[in-house]
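One chain, chain A, links the two complexes that follow: it is found with chain B in the first and with chain C in the second.
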Partner chain A sequence: MGNFSLNLLFDPLSLFFLFVIFIVSLPSAIYSFGYLKGEYSVGKIKLSWFLLAIFVLSMSLVVTAGNALIFLLAWEIMSLVSYFLVVFDTKHEKSVQAGTIYIVMTHIGTAFLIAAFLILYKHAHSFDFTAIKNACQVMPSSIKHLVFLFLLIGFGTKAGIVPMHIWLPYAHPQAPSHISSIMSGVMIKTAVYGIIRFVIFLLGVNSLWWGGLVLVLAVITCLVGIVYALMESDIKKMLAYSSVENMGVILLGIGAAMFFLSLNLQYLAVFSLVAGLYHLVNHAIFKGLLFLSGGSVYKATGTRDMEKLGGLIKVMPQTAFCFLLGAIAISALPPLNGFVSEWLTLQALFWGAFYVPVSAKLFLTVCAGMLALTSALAAACFVKAFGITFLALPRSQSAKNAKEAPVSMRIGMFFLSLMIICFGLGASFVIKLLTRVAGTATGINVSNMKFSLNNFTIMPQAGQGVYLSVPLLACALVVFLFIGWIFYIKFLRNKSRTYTTWDCGYYKLDARNEYTATAFSKPFRIAFSFFLLPYRKTEKIRESFYHVKSFVYETHTTMVFKKYIYKPLLGSVFKTAKIMRNIQAGSIHLYLGYIFVTVFLLILFMNKF
Partner chain B sequence: MKIPLAIIQLIFIILFSPFLSGLITKIKNTLRMRKGQGVFQPYLNLRKLFLKREVISETASWVFGVAPFVVMASVLTAALLIPMFIGQSPLGGAGDFFVLIFVLALGRFFLALAALDAGSSFTGMGSSREMFISSLAEPAVCLVIFSVSLQFGSTGIAASFGMHPVPVSLLVAGIALFMVIIAETSRIPVDNQETHLELTMVHEAMILEYSGKRLALIEWAAYIKQMLWFFVIAQLIFPIASFSCCNNFSGLISWGMWYLARIMIIVIAVAIVEVSLAKMRLFRVADFLGFGFVLAVISVICAILRI
Partner chain C sequence: MQAIILFGVLVSTYLMIIAKRLPALISSFRIQSFFLFLATLSIAVNERQLDLYIISGLLFLIKVCIIPHFLYRIIKKIKVSEDVGMLLNVQISLLFAFFLTYLSWALSGKIISIGNQAQVVVLAVSFFAILTGVFLMIFRITALSQIIGLLVMENGLFLLAATVSGGMPFFVEIAIFFDVFVSVVIMGFFIYRINKLFTHIDVNKLSRLKG
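Right, the complex of A and B next:
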């Protein structure tokens, strides 16, 4: 093993990720007091605390490991513990299935990581990061390409990059909500850490196509994630798909940074990385919040199906308010934090398009266009999520009888809500700190790079007249709302009549007349039908030929990746296994022979290198 | 300097914007050989609505009540981002073109939520369709911004305002933006402001449950938003210098004439499009906006090639 030592790294990059881990884990842990109570037995609650502690610790170790081997060990502990947390609800069949998909996928990813690390070890003769970094500078570029691809697949599986995302929408919703929040908010971010630490920091970006590939994957991930999220009416599954989308947005920033690094546009590379990292911490915060408030809904009503919810804003006003804040933030609307990072990413792509050679300009522009489409679809998705879940009339008895979440759960949610506002208004301060993080990651001297004019205004390029001042925007909005409030006090309060919703002259509308989540997403389903391949299932139950007793109508979308990639893949794995069964005849002599041949081949193989 | 400018700009846009809608209706009616309502009808409508008592649905929550104010605040904030008279805008340091889009999206977000809040299936349908159309329009808008900003070397709104040459890329971008604006201001062939036929309306369906003063606010916000868009497109295709360049009174008059005339050109174009086309089916809107997107891509290519 050479010079094996347990050294930990505490450079700005690691510290930033530690911060992200704790800013979500802390409120989630507080939240779990109330969430677990009554839901599980005392022994199970204790177990969950134990697992949570190990989970958070292992993630912290992942981002602070100064040694590839420690990294890998922590990574594996993290994966295993999160598996146990996914299958925590053992009584649900779905949990076990989700856990299986998760653990298989995550180990495929880990296999690629191990391969990449072994290649690195072979060149560095050490697992230590500094040794690897030195070795990478003299490594032949073909090996570098290979290592990059392995790392991308390995970390991409954890990050949920399309098409390796399929475990994410199964595993995340199935875990208890505070764990979903940590998994979506933080755990998948460790993969981004891996990409930044290993690809940008250690390996060093040396080809244009690396960044290009990441950008293309990021755009696909964004669009696929949000289109699936729009179709989903399971609130936690929708959030999980939206995590896929947001990983895409983060990777747009990271990919752009890699792209600019290879073109030696240092200023832009740092700026793009800042944009990506900003979105990373923002997503951790608002997705954490959304999962927590979605979990409160689940706990209060016992269902995650939006079609059975509705009207919760009246019985759970505080949870509703938190969810609304999260929804505004994730839809990239001013003046909250999601808007800032999305704007930064757009700016990064724009300035990229402005400065790169002509051939790449259009590519970056189209990336930005797709980002715009994604954020607009995200807004539609969260209008649906909030509108159907919390507004209008309750669609079921359990939604009607829901109670506001207990105090500990609300504390967790309000803490994250506060963070959303802070990270929106304090944007230029955050950017200052992130610039240092990006500087460490890229090895670029950032002491003379400034992305803010004063403490309130962000400025991507000096002297180009491009500014963003979130406090100023918030001020303007607040002033106008204040004027509106005076108007309300003066002219509107207690002067309006309350009456039923217009019912076209029909008799008594009820919750069944409301628009549903499926109906809301119908236009999108039709517009994206080339990808979603929607189909219907109808079933008539007849009493006699003339009398239909009941009629079942279901609409589904085809899971393209599952059907056309994973199903055939799994099929061929089983087929190969069947063929391989032939060599297992049960004779011990034969097995000894196999061992001998294997050892022989291994010796030959070793000699070759 | 900035606060008086902000106030002048706000007063101008608030008072002038309903006039444009009245004008479009008037032109449409003239083209259809109808007498029609007067140009000032929107003002009368607003007055009527402000005097009326409103009815609020009993299923609605505070989101329904707050939404009109958020919509108004968002369009007014957007109005402050645009330099209307001189080369700088009152909130110039607050944001650029992208921010303009995001700020307007805030109002739409709340309006769509409020529509779902009423619990009627019409409003829900309107909400769904509005979000559908606006999300398809978004990539085209983004690319138009890219094209314009590549031209001027900045995404700042002020950079593209003032006197500048109009290359092909800006013209194409202007046309693409025009198509988007038709969708954004809910006009034929994407939507129809005049109809209250349940299945064809989009924006009108969304605000169906509103009445009285809150409806007036929403309508007024829609007028303002429409004027903002007209103004942006006019400034791109028919640039005008800052009025401080006019050194005498007659210069100021002719500046003012041209200033208004270029907005009138857009108004007339919208009116002609409205009378000469039929409303599209909802799913053909995707093609319509897709064409807008393609035009925007072309304009970006032109901007890259510097033509």
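Right, the complex of A and C next:
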């Protein structure tokens, strides 16, 4: 094994990820006090605390390991513990199924990681990061390409990059909500840590196509994630798909950084990495918050199906407020934190398009365009999520009888809400810190790099670009709201009156007449029908031609990746297994015979050479 | 002297291949073990080492006396037929054994340089014993012949270690004896259980356990 030692790494990059882990895990842990109570037995609650502690510790070890072997061990512990947490609801058969998909996918990823690490070990003769870093400088570039691809597949599986994302929308919603929030908020981020640590920090980007590949995958991930999220009416599944989308946004920043590094555009590289890291911490916070508030809804109503919810803002106003805040942040609306990081990413791509050679200009512009499209779709998605879940009339009895979440759950949610606002308003300070993190990751001296404070443009352009500041935007918002309120008081209040919705003389409007989640997403289903391949099933039972007794109408979308990639793959695996089964007769003599024949052939082989 | 001992091992191994009844198999095993004991003893006399004397004594005690006696007792106790259950008949088995002899000869010739003929012979006999052990395990049906196959393999390994490399370290040797003894006891117990459960010790029929 060479010189093996348990050395931990506490450079700015590791510390940043530790911060991300704890800023989400802490409120989630507090939240779980209220969430677990009444839902599970006492013994199971104890088990959940035990697993949660190991889960958080293993993630911390992943981001602080200074040795590839320790990293791998911690990575594996993290995967296994999260599997146990996914199948925590053993009552539901779906949990077990989701867990199986998850553990298979995650181990495929780990297999690629092991392969990559072994190649690195062969060249460095040590698993230590410093030794690997030194070895990577003299490694032949063909091997580097191979290692990069393996690492990308390995970490990409955990990060949920399309098309390796299929486990994510099954596993994340199935775990208890505080775990979903940690998994979506933090665990998949450790994969980004892996990419930064191993590809950018250790391996060193040396080809343009690395960054290009990551950018292409990121764009696809963004779009696929958000389009699926739009179609979803299960609130937690929708959030999981949205996590896929946000991983894409983060990887746009990371990929752009790799792209610029190989072109030796240092300012831009650091800036893009800052954008990616900023979105990473932001997504951790608001996705954590959204999962927690989604979990509150689930606990209060017993269902995750939006079509059965509605009107919750009246019975759970505080949860609704938190969800709304998270939704605004994730839709990248100013002045909250999501806006800052997506804006930074857009800026990075646009400025990149200015500086790169002609051939790459169009590519980066298209990436920026796709990011803009994604943000718009995300906004639509969360308008739907908030509107259908919290507004209008309750669509079921359980939604009507819902109660506000207990104090401990609200504490967790409010803490994260506060963080959303802090990270939005304190953007300039955060960027300063992240610049140092990005400096360590890329090995570029950042001491004289300044991304000017309230001006979101890069140093050489300072003062020329658009002038934009989050606190200023917040002030503007407050002022406009104030003006609007004054206007309302002055002119409109006396003229308005409360009355039921005009129903064209039907007189019997109830919850069944409301706009549904499926209906809301219909325009998008049509717009993206080339990819979603929607189909419908109708079933009429009629007594006579004029009298239809019952009419069933279902609409579905085709799961493209499942149908065209995973199903054929799985089929061929089973086919091979069936063929292999023929040699398994179950007879001891036969097995002994196999061993003997093997030894015999080996002896013959040895005689030959 | 060594030539006689090696010849004895070879012949007793052939005897095992053509044995049709379990007692015959066990007594051939006893003969093989006895020649092994002689081999160890001759080395001990040559080298004048206390360790080797103790080892050869243990060998005599365990492999020549206790294990065959134990196996005889099992046969008597479970009262099954004494047939070893041949998957290949004697003639074909014998042909196979010739082939194995040739194979081990060729192999040991490859391993040891040509000058040292005596070593080549020792190596060939040891390999042959190991291969025969595997052969017995594969082509004999009863579970008892599987045990004996394992013991024959172990004997071959012992011969290899004792003659080619001058024996393994003392404690390793002791530990191996202990292992062999315990494994025979455990397997004997298993056979007893299998017989009780299935009223035979035909390993072939265990495939019914397959899911």
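Criterion: the second predicted complex is superposed on the first by the 555 of 609 C-alpha atoms of A that agree within 3 Å, B and C clash if a C-alpha of one lies under 4 Å from a C-alpha of the other, contacts with A are read in each partner's own complex, and residues count from 1 in each chain.
Keep in mind that, in the parts below, contacts are C-beta pairs under 8 Å (C-beta built on N, C-alpha and C of every residue); 3 or more make two chains touch, one makes a residue touch a chain.
All figures in this text were calculated on a predicted structure; none of them were measured in a lab.
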Regarding the shared-chain residue A:606, is it in contact with chain B (first), chain C (second), both, or neither? second
Just to be sure I read the superposition right, which of the two partners does A:133 touch: chain B = first, chain C = second, or both, or neither? neither
Should A:107 be classified as contacting the first partner (chain B), the second (chain C), both, or neither? neither
Of the two partner chains, chain B (first) and chain C (second), which one does A:331 touch, if any: first, second, both, or neither? first
Check the residue A:585 against both partner chains and state whether it touches chain B (first), chain C (second), both, or neither. second
Name the contact category of A:44: first (chain B only), second (chain C only), both, or neither. neither
Of chain B and chain C, which one touches more residues of chain A? B
With both complexes overlaid on chain A, does A:400 touch chain B (first), chain C (second), both or neither? neither
Across the complex, what residues on chain C touch chain A? 87, 103, 106-107, 110, 134-135, 137-139, 141, 146, 203-204, 206-207, 209-210
Taking the complex as given, what residues does chain A use to touch chain B? 311, 313-314, 324, 328, 331-334, 339, 342-343, 346-347, 350, 353-354, 358, 361-362, 365-366, 368-373, 375-377, 379-380, 383-384, 386-388, 391-393, 453, 457, 461, 464-469, 472-473, 476-477, 480-481, 484-485, 487-488, 491-492, 495-504, 509, 511, 513-515, 519-524, 526-527
Which residues, counting only chain B, touch chain A once they are in their complex? 53-59, 61-63, 65, 69-70, 72-74, 76-77, 80, 91-96, 98-99, 101-103, 105-106, 108-109, 112-113, 115-125, 127-129, 131-132, 134-143, 146, 149-150, 153-156, 158-159, 198, 208-209, 212-214, 217, 282-283, 286, 293, 296-297, 300-301, 304
Where on chain A is chain C touching in the complex? 585-589, 592-593, 595-596, 599-600, 603, 606-607
